[in-house]
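One chain, subunit A, appears in both complexes that follow, with subunit B as partner in the first and subunit C in the second.
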Partner chain A sequence: MASKRLIKELDAYNKDPSPALKALEPKSEDDLFHWVAVLRGPEGTAYEGGRFTLTITLPSTYPNTPPEIRFQTPICHPNVNFKTGEICLDLLKTSWTPAYGVVSTLEAVQQLLSAGGEPDSPLNIDLARLLREGDLVGAEGLVRFYTRMLAMPR
Partner chain B sequence: MAPLVPPHTRPHGAGDTNSTNANNTRSKGAQSLQVITLSIPNPEWQGIGSSGDAQRINASISFNYLTSFDIRTLSTVGASNGNDVTGLLYVPDLDEGDPCTNSSAQYLPQNVTRQANLPNQDYQQIAIAPWTSGDCALSYMKAGRARLIQGILFFIPGNTSATPPDESDPVWDVNETRWKQENGFPVYAIPGQNAQILLEASAAYSGNMTDVPFGHQLTEYYDSRDYVRLYVDIDTGSSGSTLPSLWVFLLVVLGILLAIIGLTSLSMHLLQRRRRQNLRRRVASGEVDLEALGIKRLTVPQELLDTMPLYTYGTGAPVTQQSQKSASVQEEKLDGTKSTTLPASPPAATLLRSSSYRPSPLSQPTCAICLDDFVAASPGTEGTTVRELPCHHLFHPECCDTFLRDSSSLCPMCKRTVLPKGYCPKTITNAMVRRERMVRQVRERVSDDPDAAREVDENGLPLSRAARIRVRTFSGFSQLRPGRRISEQVSSGQQMQQLSSTAPIPPVPTTADSTAPLTQSNSISQAPLSTGPPPQVQPPATASRREWARQRAVDMLGERAPADPDAEETRTTSTWRKAVRGMFPGFRR
Partner chain C sequence: MASLPARQPSQRRSSRPEQPQQSSTHSPVRSRSEDSQTIFVHDAPEKEEQQQEESIQPAARPIAPEDDPSVKRCWICFEDSTEDTPETSPWRDPCPCALMAHEECLLDWIADVEAPKNTRNRSLAAPKIECPQCKSEIKLARQRDYVVDLVRGFERLALKAIVPSGVFMLSGAVYHLSALHGIHSIYAVFGARDGARILRPLRMNAIRPPVEVYLNDPRQASYQVLNLLLDHAVHWRLYCGIPLITPILLASRTSLADGILPVLPIVFFASQVHAPDSTIDFPTWPPSASFAFAILPYIRSLYNLYYQKVWAEKEKQWLKEIQPRVTQNQGDGQNEGQGAGVNEGMMELQIDQGLWDNWDDPEQEEAADNNAPAQDDEAAPGPNVQDNRPNVRGGGNERPQQNAPAGGQQQQQQNQQPANGNQPIGQVDRRISFSPTGIAETALGAIAFPTLAGLAGEALKLILPRSWTTPRGYSSRGLLQHKWARSIIGGCLIVVGKDALMLYVRWRMAQMHRGRRVVDFDRKKGNSKRTAV
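Moving on, here comes the complex of A and B:
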C-alpha cells in the first residue's frame, strides 16, 4: 500500500507543484522510500531566499506511521537540530494522521520556519534562548546570517 | 508428652535465676539444676483463703539449692533447648514385689517425698532414684513413665561429689537398647552427694506445713493446709545460647521493618487499585476524556471497528462482515435494486445499526489514507466497500482499520474520536492515574486563579512563561513582514479546504465540531451520484492559502497529542526507581 500511495503523491506533486518546494523526488529511480526535497525559505522571514535540502525516509508502514524528515542543509531554527537536522514537530511524531502527505508535511515544515518555532521544546538551544529572552532582533540576525551562509546559492 | 499442668505452676523468678548461669554450650544437656521450695495450694481445700497459685517460698525460710557443673546428661529425649525441665521432686513407687524396692531402700530416706505426698493434681513431676543396676533403673523409669514425669534424676549411691561418669560408661549399661526412646523423657545423673542433699530435703518437705523446716513461720504467710514441696528446674541451655541476643534483636527489628514495608506496599497497592477503578468509573461516565486530556493515546479494538457500518459506496447498502466475504450475489442484487430506487432512502434490507442510521454517500470521493478514489456502484460495476466512521468520514475498511487499531483512535480526517462516549480501555495503568491526577490538579489550580485561567491552552494546561513569549514571538515575526497579514476571516468552511485535490488535509481539531456537521449538510445537499469532486475541494487563493497554512502550523505547534504515558515512563525512569515504584505505586505522588 505504501508504494502505491507514494506514487500517487509524487504524481500529484508533479501535476501541481507546491510553491513551498523547489524540488521533490526520490533519491534514486528504484527506491521509492527515500526522497529528497528542496524547501524554499518562506518569504518575508529571515529564511527568505534560502534553499534547504531535506531528506525524507518513508517507513514501510507509511502512511500509518509518519515519514522521517531531516534537514540536510544546516538551518538555524529553535526546533531543528543544527547538526543532525532533526525536526521537532509533533506532526512528525504523535499527531500524525494518514491524511497528511509528504507534500503537506513539508509545507508544515515550511510553516514551522515562518511561525518562528516554539522555544519551549528547543533543539537549537542558543536560538531558543535568544527568543525566550525576547531578543527578536538578535534571533532574526542570527537566522539571517546562517541562511545566507549555508542555504543561499552563491 | 502433653503438659498436664496449669501454666502458673512454674514459680516466678526461677527462670531469671537460670538465665544468669546459662553458658554457651550448644548441647541439650543439663546446664544447671536448681531446687526451690514451693507452697502449693491444697486442691481439697481450695477456695477459702487460698490464692490458688503455687508460690515460691522465700529462700531464707526454705530449702534452696543450685548446682551447675556436675550434672551428666544420659538422655535428651523429650528435652529441648530453651525449655527447662521442671517439676515437683519425688521418688517413684515401684511395683509391688519389685526386688529393686528393697535394694534401693537403703539409699532413700524413710519419709522421702513419694507420689502420695504430692498434691492430688496433675502437676509436672521430676523423679529421683538411685542407679543400683540397669534393671532397677528401668523399673524406676517405667514407674515414672506411668506418672508422665518430665524427667528423671539418677544418682550412683555413695557419698561422692564427683561428676557421674560419661554416658558411654559401662555403669549406665541397660539390658535394653531402646529405653531412651521408649521413656520419652530426659534422663540425668547427679553426684551421690548432691543426691543425698536433695533426698534429705525431700524427706524434710514431704509432710504437712507445720512439719517442714520453719513450718511455723510459714504458716504465718501461707495457708497451713498447703503443700510445701521441692521443685526442680533443670536448665537445658536457653535458646539464647544458640542465638546470641543481639542477633535476636536485629532479627526482630528487621522483621518489624519488613512488616512495615510490606504493609505500606500493600496499602499503596490497594490505594492505587482504588484510584484505577475510580478513574475507570469516571472515564466510563464520560467525566474524563483520556485522549482529550492528553493522558493516553487510545486505539480502537477490532470488535469496535466491526460495529462501525460498512456499505457499498454510492448505494448506502449495508455490508455485513459475513456477506462481504460470501455473498457477492446478494451484493449485485442490492445494486440492482438500488439503481432503480436510488436517492438517499436506505434500502429495505436489514441495516447494520438502528433505523435512524443514514449513510451519507458520496460525501467524499477519495480514501484519505490510500488516496484511491472510491468507485460508486452502478449497473455493471461493483461499488467499493467503505467504512463510515461516526464522524461520517469514509475509508476503505482495510485502510482505516489498521490505522485505528494500531496507531490512533482519531479520525484521520477530522481528528474526532471514533470511540463511543464513555469508552474505557481494558487496562488502566498507574501511569495513567498519575497523569490524570496531575492534569486535574493543574485544572483546579487554574480555576482557583482567574488570571491564569485566561491563559490556558487546549489541553487544559496553563501556558508557561515561554509559551506566552512564543505567542509574542509570532506577532513579532509577522510584524517583520509588512503586507502579509491578511484574511482573519478565514471561515471554518475555508479551513476545511484541501491543499490539493488528492491529498486532503484534515481540518484543525479545534474546528472539528463545526466542520463535521458541515460535511453532513454538504453531503445531503449534494446529488448523490455526481462523480465530480465535491465543492469544498477547491484550493484557496494563493494568498490566503499561505495564511491558512500558517495558522495550521501554529495550531499544530500548540497541539500536544497524547503519548503513551507508560512507554514514556519506561523510557525516562531508571531501574531502581521502577523497582521502588513497583513496590510503592504512587510513590512520587
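Moving on, here comes the complex of A and C:
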C-alpha cells in the first residue's frame, strides 16, 4: 500500500507542483522510501529567498505512520534543531493522519516557517530565548543572516 | 511542539492552479510503473470523464479523477474507484463528510491508532477514532468483550502510573532514610537511655505487622488501624519531627534556614501541651531538654549575627591579603573593596567557612553566658588569639620595619570596615555555593554533626570534673549531668572551635604572606656542595 500511495503522491505533485516546493523527488530511482525536497523560504519573512533541502524518510507503514522529515540545510528556527535538522511539529508526531500527504506536510513545514514557530517548545534555544524576551528585531536579523549564509545560492 | 491549523490535502487539490501540464516533469520512473495513476498528455483521450474541463481548456489536459464527483477516492491509499479490481475491499463512507475509503485501509489505520505501543495516544481513555476531516466519530461494528476492555484499560492506566508511582517510591525511600538518620541523631545526642525513652512509640510501631495480615479477623484489623491512627495522633510530633531532623540539619547550613528555623520553636511551644515527657520551665535551672533545643535556633541566629558583625570583615581582609597581587590594586594594606576578581575567589572561601559556622556556635554563647567556666575558657580564646598575636608576630618577622606599620594599618581598617561595609558582606555570605564539592561538603558536615556533637559531649564528660557530670540528688548545677546537654554544648564547642581555628588560620596565613621572601641562592654553599658531590 505504501509504495502505491507514494507513487500517486509523486504523480500528483508532478502534475500540480506546490508553490512551496522547488523540487521533490526520491533520492534514487529504485528507492521510493527516501525523498529529497527543496523548500522555498516563505515570502515576506526572514526566510525569503532561502532554498532549504529536506530529507524525507517514509516508513513502511506509511501512511498510517507519519513521514520523518528533517532539514538538511541548517535553518535558524525555534522549532528546528540547528544541527540535526529535527523538526518539532505536531503534524509529524501526534496529530498525523493518513489524510495528509508528503506535499501537504511539507507545506505545513513552510507554514511553520512563516508562522514564526512556537518558542515555548524550542529546539533552537538561543533563538527561542530572543523571541521570548521580545527581541523580534534581533531574532529576525539572526534568521536573515543564517538564511543568507547557508540557504541562498551564491 | 508547534502546531498548525489543520490543512487537508483535499482543500489544496480543489484549488488547483490552471496551468498547462508539463509532460517534461515526468521522470522515467513514474512512467514505467504500471499501477500508477499517471496520466500523460497524450493519454488523456482515453479518459471518458473530461467533458466540462475540455470545454474550458481546449489544450488537451488530463483530468485527475479526484476532480470528478462520481469517482470515489480513498483518503488513505489515494486510489480511486476507477482502479477497483474484484479483489479490492468494499468502499465505506463512515462519516457525514465527503471522505471515503476502502474498508481494509480504514481497518489498517484503526488498528494502528489503537495499537498499545502507539505513543500518539496519550489519553487514559481508549483512543477515539474520528474522521480527520470532519472530526466525527467513525463507528465500528465489532464484538466487545468486557474482559478485553478492562485489561486494555488497565494497561493504559499502568502506563500512566509509572511516573507517579516512581516518584512516590523515591520519596518514600528518602523519607525512611531521613527518619533512620533522625533516629540515629536522637541516639547520638540523647544517649541510649533517653533516646530509647523518646523513641519508644516509634520503636513499637516499626515492627508492627501490616494491616492486611489481619484480613481474616476484621475486628482485629480495625483495632490495629485505630491503634495506629491513635498512636500517630498522640505522638504526631515524634512522627513529623524524626524525618525532619535531617532536612533541617541540611537547611541549617544554608541561609534558607534563617527563615524557617525561628518558626520551629514557636510550633514547638504552641504544641507543648501534648508533650508527655517535658514541661516548659523558663525560670528553672537547668532548663528542660525541650526548652534547650527550642531556643537553639535563636542562639544560632545570634551567633551568626555576632560573627557577621565582628569577624566577617576581618576574615575577608585576611583572605584578600593572600591573593596574588594581580588581583590587588595596591600593596598590602589599602586594597579593600576593589577588584571583582578578589571577590570571586573570596566567595568560595567564605562560603566554605559558612558551612561550619552556621550551626551551633550560637550555643556556645549561651554556654558562656550561663555556666561552666570551662566553656568560657574554651570560647574566649578563639577571638582573643587573633587580637593578641599580631604584636608577637611582628617581632618575630624577618622584616619588622615593614610589617609592623602594615599590620597596624590593617587593624585600623578592619575596625572601621564593619561599620561601613557590613551590608554587602552579609549579602555575599548569604549566597550559597553551587559547586558540587561544596554542596557535598556542606551536606556531609550537616549529616555528621549530631554524631560529632554527641562524641564531643562524651569527651566533655571525660575532661570535666566528675562532680559536674554525674547526677547527685537535685543539684542546681546539674546541666552537664544530662547526656543531651553535654551533646549540645559539645556541638557548640565544635562549631566555635572550628570557627576560631579557621579565623586563626586565615589571620596567620595573611601574616605569613606578608613576611614571605625569596631566598637568594647561596653560591658559595652551592658550589661547595656540588664539588662535594
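Here, the second predicted complex is superposed on the first by the 154 of 154 C-alpha atoms of A that agree within 3 Å, B and C clash if a C-alpha of one lies under 4 Å from a C-alpha of the other, contacts with A are read in each partner's own complex, and residues count from 1 in each chain.
We take it that a residue touches a chain if its C-beta (ideal position, glycine included) is under 8 Å from a C-beta of that chain, and two chains touch if they have at least 3 such contacts.
None of these values were measured; they are calculated from a predicted model.
A.B. asks: Name the contact category of A:90: first (subunit B only), second (subunit C only), both, or neither.
C.D. replies: A:90 sits against subunit B and subunit C alike.
A.B. asks: Examine A:29 and indicate which partner it touches, taking first as subunit B and second as subunit C; both and neither are also allowed.
C.D. replies: After superposing on A, A:29 lies in contact with subunit C but is clear of subunit B.
A.B. asks: Can A:132 be said to touch subunit B (first), subunit C (second), both, or neither?
C.D. replies: It touches subunit B, and subunit C stays clear.
A.B. asks: According to the stated criteria, A:111 is in contact with first (subunit B), second (subunit C), both, or neither; which is it?
C.D. replies: Once the two structures are laid over each other on A, A:111 reaches both partners.
A.B. asks: Quick check on the superposed pair: does A:141 touch subunit B, subunit C, both, or neither? Answer first, second, both or neither.
C.D. replies: Touch status of A:141: no partner.
A.B. asks: Would you check which partner chain A:100 touches, where first means subunit B only, second means subunit C only, and both and neither mean what they say?
C.D. replies: In the superposition, A:100 contacts both subunit B and subunit C.
A.B. asks: Examine A:45 and indicate which partner it touches, taking first as subunit B and second as subunit C; both and neither are also allowed.
C.D. replies: In the superposition, A:45 touches subunit B alone.
A.B. asks: Looking at the overlay, does A:59 come into contact with subunit B only (first), subunit C only (second), both, or neither?
C.D. replies: neither
A.B. asks: On subunit A, what residues does subunit B touch that subunit C touches as well?
C.D. replies: 1, 4-5, 8-9, 12, 16, 18, 63-65, 89-91, 93-95, 97-101, 103-104, 107-108, 111-112, 115, 117-118
A.B. asks: Which stretch or stretches of subunit B touch subunit A in the complex?
C.D. replies: Its residues touching subunit A are 297, 368-372, 399, 402-403, 406-408, 410, 412-413, 415, 464, 466-467, 469-470, 472-474, 476-477, 480-481, 484, 499-506, 542, 549-550, 552-554, 556-557, 559-563.
A.B. asks: Going by the contact rule at the top, pick out the subunit A residues touching subunit C in the complex.
C.D. replies: 1, 4-5, 7-12, 14-18, 25-26, 29, 61, 63-65, 79, 88-91, 93-101, 103-104, 107-108, 111-112, 115, 117-118, 121
A.B. asks: Of all residues in subunit C, which touch subunit A in the complex?
C.D. replies: Touch residues, subunit C against subunit A: 1-4, 6-10, 12-13, 16-17, 21, 25-30, 33, 35-39, 62, 64, 75-79, 99, 105, 108-109, 112-113, 120, 122, 132-133.
A.B. asks: Of all residues in subunit A, which touch subunit B in the complex?
C.D. replies: 1, 4-5, 8-9, 12, 16, 18-19, 43-46, 63-65, 89-91, 93-95, 97-101, 103-104, 107-108, 110-112, 114-120, 131-132, 134, 136, 140
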